[in-house]
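Here is the structure we will look at, set down as structure tokens.
So that you can tell them apart, the chains are marked A, B and C in the order they are listed, and the count of residues begins at 1 in each.
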Amino acid sequence: MLRFRKYLLAILLLIIQISFCFLFGFHARYVYAPVSSVKNLTFSAVSIVEYYYPMFMDIHVMMFVGFGFLMTFLYRYSYSAIAFNFVLCAFTFEWALLMRGYFFNWDTNGQQFAIDIKSLITSDYVAASILISMGAVLGKVNPFQLILMAFCEVPVQVVNEWIGRTFFCANDAGESIFVHLFGAYFGLAVMFVLFRSDMLDSPHQKSRYTSDIFSMIGTIFLFCFWPSFNAANTAGPERLRAVINTCVSICSSVLGTFIASSLVRRGKLDIVHVQSATLAGGVAVGTVAASNIGLHGALIIGTLAGFVSTLGFYSVLPKLEVIRIHDTCGVHNLHGIPGLMSGIAGIIVASIPEKSGFQDHLTVLCLTGGLQRSSNIQVAYQAAAVGLTLIVAIAGGLFTGVLLRLPLFSQESQYFDDKVHWHIPKPEHTISLKM
Amino acid sequence: MLRFRKYLLAILLLIIQISFCFLFGFHARYVYAPVSSVKNLTFSAVSIVEYYYPMFMDIHVMMFVGFGFLMTFLYRYSYSAIAFNFVLCAFTFEWALLMRGYFFNWDTNGQQFAIDIKSLITSDYVAASILISMGAVLGKVNPFQLILMAFCEVPVQVVNEWIGRTFFCANDAGESIFVHLFGAYFGLAVMFVLFRSDMLDSPHQKSRYTSDIFSMIGTIFLFCFWPSFNAANTAGPERLRAVINTCVSICSSVLGTFIASSLVRRGKLDIVHVQSATLAGGVAVGTVAASNIGLHGALIIGTLAGFVSTLGFYSVLPKLEVIRIHDTCGVHNLHGIPGLMSGIAGIIVASIPEKSGFQDHLTVLCLTGGLQRSSNIQVAYQAAAVGLTLIVAIAGGLFTGVLLRLPLFSQESQYFDDKVHWHIPKPEHTISLKM
Amino acid sequence: MLRFRKYLLAILLLIIQISFCFLFGFHARYVYAPVSSVKNLTFSAVSIVEYYYPMFMDIHVMMFVGFGFLMTFLYRYSYSAIAFNFVLCAFTFEWALLMRGYFFNWDTNGQQFAIDIKSLITSDYVAASILISMGAVLGKVNPFQLILMAFCEVPVQVVNEWIGRTFFCANDAGESIFVHLFGAYFGLAVMFVLFRSDMLDSPHQKSRYTSDIFSMIGTIFLFCFWPSFNAANTAGPERLRAVINTCVSICSSVLGTFIASSLVRRGKLDIVHVQSATLAGGVAVGTVAASNIGLHGALIIGTLAGFVSTLGFYSVLPKLEVIRIHDTCGVHNLHGIPGLMSGIAGIIVASIPEKSGFQDHLTVLCLTGGLQRSSNIQVAYQAAAVGLTLIVAIAGGLFTGVLLRLPLFSQESQYFDDKVHWHIPKPEHTISLKM
């Protein structure tokens, strides 16, 4: 039995790839959409691939480089952080292509779904959600458990977003509700179930000078490409606003973070805050990124987000352990709270129809009589999307956590240690160089 | 008083963010420009956002990843290098959005200025200028002083560029005069005032094997995206030339650097040269990047720039200390001298109207009767732009230096040391791993 | 004589730059092609520069960042890996601009060739080929030998591709045959000639924890931008398919690698596999990337490629030494075998005309009566392209190896050691910090 357990990952991945092969073969079709399918364009002719491709590449880099390196800060867990992020994201990308296809693009007549350039972007969005959850459990689960978590989380994320977009017609341009908020609370709920008190006193849960700088690679690529993340879904003047608002908000959250960090550290700074809280502005502006909130609106949201997120790292993070939540990467502060802020901003903006422009969005997608909606009703639907996301994420996470806790799958007793999973270059070789 | 001093950074940033919020709120408006606003396009229809966005993202990466990691080479100052670059650039981006708006796009009727996708690019250009100045003072000032420097430098840079572009109508496609030359001499002038002799014998001003490789991340991203930096301002055939010329010139400066480095190091090579001088070709071709200089012209400029810049690192850098200038990152060699070369190239090319195409540029922008200008007069105006930039940069830098030297703001006695500003992971933990 | 030898690199580069200057000056002309030159576009108007530029930048990053950092894994050879990749790629870029110009775009009337935005992309393709060969000889040759190798390899690569594209009209959308297969076997043939038994027991041929993570920077950027590599040559619906197929295939090869790695390592994983074999799917799908192979086709190709490539690292790599081939970066497993797989996939797909769409390609380029070709004849031509590439690569590599082995050029006795080529920061300084 133990003998068999160590091949669980290989067996699971093999079964998955074989199944996916049949599903792709039966149901997925390339569709080169005419450009008229893009809403809000003021120009008559352009190619659809080129319209989305540069932003897709940016987001792809955010997923693999950004999230991957962001998580390398643990000094003995850098191999695992970057490599598990890699395999998890690659798996999720495929799985999300399928799930989004079945739920969002299923063509009942043809018994198939279309794959176009936008499908690749939405798959990366789903992947973001799963990687956020991974941040909460980093170092405390094995790669088999990660793949299993993603396997459960993807359909839940897709269904939740499908309800939110199709029935509630919630405005969420930068996916702060459906991706960030969802991913954070799903991961925290998983962690709540998997919690064991010996996680708290692991001697390996800390960083090195070098690993902190590797982590900054992730931070800064996430920072730079965040405007693409928030704008890729949009077009025309909305895309312009999404880009500008995100740039201003995320720059402001850098400043907000430095303000808060130097206050709580009494004039010094903390690299942990710089690594994470600086990005909170990108999350917090997401839902309303394409709305006409003004650059001052984006600035306020971003500054607050950076400030609050830093305070979260300083004071909330340690307290979560009391309620049995150990949040390795602080996703509660970087994605949870700012995601909630973004949801609230979305509710506020929805109450001002000339700012939110929500009626432009209702017409096409909304199955629940969107055209007749007043702004008050839209406020309620925005709130419903936030509430439902919280409930679905926590419930889904608890269920998934129970599954991952089954003795068959459960983690070795060593946390935050590459040695459990990798052949590591022997230290004695490297001492000799002392570099 | 001392108690209060350590919160100076937080207080300054807070005041700034509050002021910016009002300025953005009162004066900044999103403008989704019609594509007809782009000059020199041979096509009738495309979206303005997509036209500029990919190059904007490249330049954004240059600012935050490129400059940020380039400066991590100091073995005990990598946290500060990457993080101060981060906060300084985020601040400058906002401040430049405002300043460029007031000077270049102010609409007197509407009492407001337009923010579009090009505004984001020009803000990054301004940021480049400030980050170059930061390279000169790196490790010798605290983050409060850096923000204060940027606060002073941004308006000076913007006004100088505004004069150069509006009255002199100087051709400077890749911003070598207004950004590189300006930034370098501004920073050196600041350093001249801040100079203290104990800076020279700090034991921490050196690199480690690992920090040198982190620095190469910056170098190579700057290298790759430099064509975007030089071409983003341009359109149509000019953009094609700017891309090709920059690619050829910066590749040539890599070769020029290796030639010079292996000569001065007698057959060996020096990683410091590879980190910096390799990029000199991007600076040196900037002013004339969009002109019809031929690939051979770009090759000559680039090779010379790499060669001269390497010699600068080898022989000029140590001598600058004699005249009280301590140039941490060698910005004089990477941005100062090549910027001057670019200015001279601009003067030469201006004398050959069929190469420079300067008359195409004069019509729209120039308030001083550009259409009637002969090429000789344009030569004089190009020279005037270089001269004015040098004077304004040095004068502005000296003034700013005096401000930064006020006892209230001045730096602790420890140079090039993260410990002054950061909580650092304790070394004893990391010895045990020896990786 | 010895005195003179150490300046060989500088002299060679100087002669090259001077010669290139004349060749560019006499023969290269900027051409801003009308967009009608792009085949398969369904839209009437767009600018040619913007159509290709974002993918060009991605590929540029792959060459300089991707290949450069991928090779930094050797713990004492990271300076050399990143810097020699830099100079070699910069040199090759210029040399390929010329060679591609003379062979592919020579205008006999005007006695000149056109340089446009596509020329930059094809130059990067040629550079990829040379950097792959560099992977085989990494750490065992000096920079002079690398430049000399590239000087010989570029014309051979260009001529081989010219024959394959012009006479055979082989379909090779992602350049897996003409770049990956060619580069791998050229480099291995060079290595065969240069082999000396003391290469095998060098104590420096290993990685450090930190250098392995630097290497992952290369891996992940190559992974992210591979869709651009395979799609840049294509347009319209073909480009869409190339992007989707490459995304699916390379994600699948990540999963295939993890399956194989955890099987051969008995439940653990090996970072060497993750660094390299994960990318095999990008290579293996290259030739047929733009064909209508279906997402399941891409998934099968990718999974197999990752699996086979991992097995290659595990079992083939050590055995190559028996036949006098020492393959530092395992290019045989990452580019050789997957390149061959891609060639075979191309042969299979060519036999199904409705999948390959090869007839669309034959019309424009093919000088050998492509329009009349049946699919069987196309199968033969695809096979001929693979066969010729193998023969030309091996023959060219052997010849080049003999040249590099001349006593004048040959390498010092120290392998995989930066000290031979660089001034290194002294270890004693860095011990004191122990970070």
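By our rule, a residue touches a chain if its C-beta (ideal position, glycine included) is under 8 Å from a C-beta of that chain, and two chains touch if they have at least 3 such contacts.
Model, not experiment: these values are computed from the prediction.
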{"item": "Given chain A and chain B, the chains that contact each of them", "value": "C"}
{"item": "When chain A is superposed on chain C by its C-alpha atoms, the rotation angle in degrees, nearest 5", "value": "120"}
{"item": "Interface residue identity across copies chain B, chain C - same or different by half", "value": "different"}
{"item": "Euclidean distance of C-alpha centroids - chain B vs chain C, Å", "value": "33"}
{"item": "Two or more partner chains touched - positions in chain B", "value": "45-46, 50, 54, 208-210, 217, 425, 430, 433, 435"}
{"item": "Sites on chain A touched by chain C in the complex", "value": "5-7, 9-10, 13-14, 16-17, 20-22, 24-25, 28, 30, 32, 34-35, 45-50, 53-54, 57, 60-61, 64-65, 68-69, 72, 78-79, 82-83, 86-87, 90-91, 93-94, 97, 115-117, 119-120, 143, 208-210, 214, 217, 421-425, 429-430, 433-435"}
{"item": "List of chain A residues in touch with chain B within their complex", "value": "41-46, 50-51, 54-55, 58, 75-76, 206-210, 212-213, 216-217, 220-221, 223-225, 227-228, 236-237, 239-241, 243-244, 247-248, 250-252, 254-256, 258-260, 262-263, 265-271, 274, 278, 292, 294-296, 299-300, 303, 425, 427, 430-431, 433, 435"}
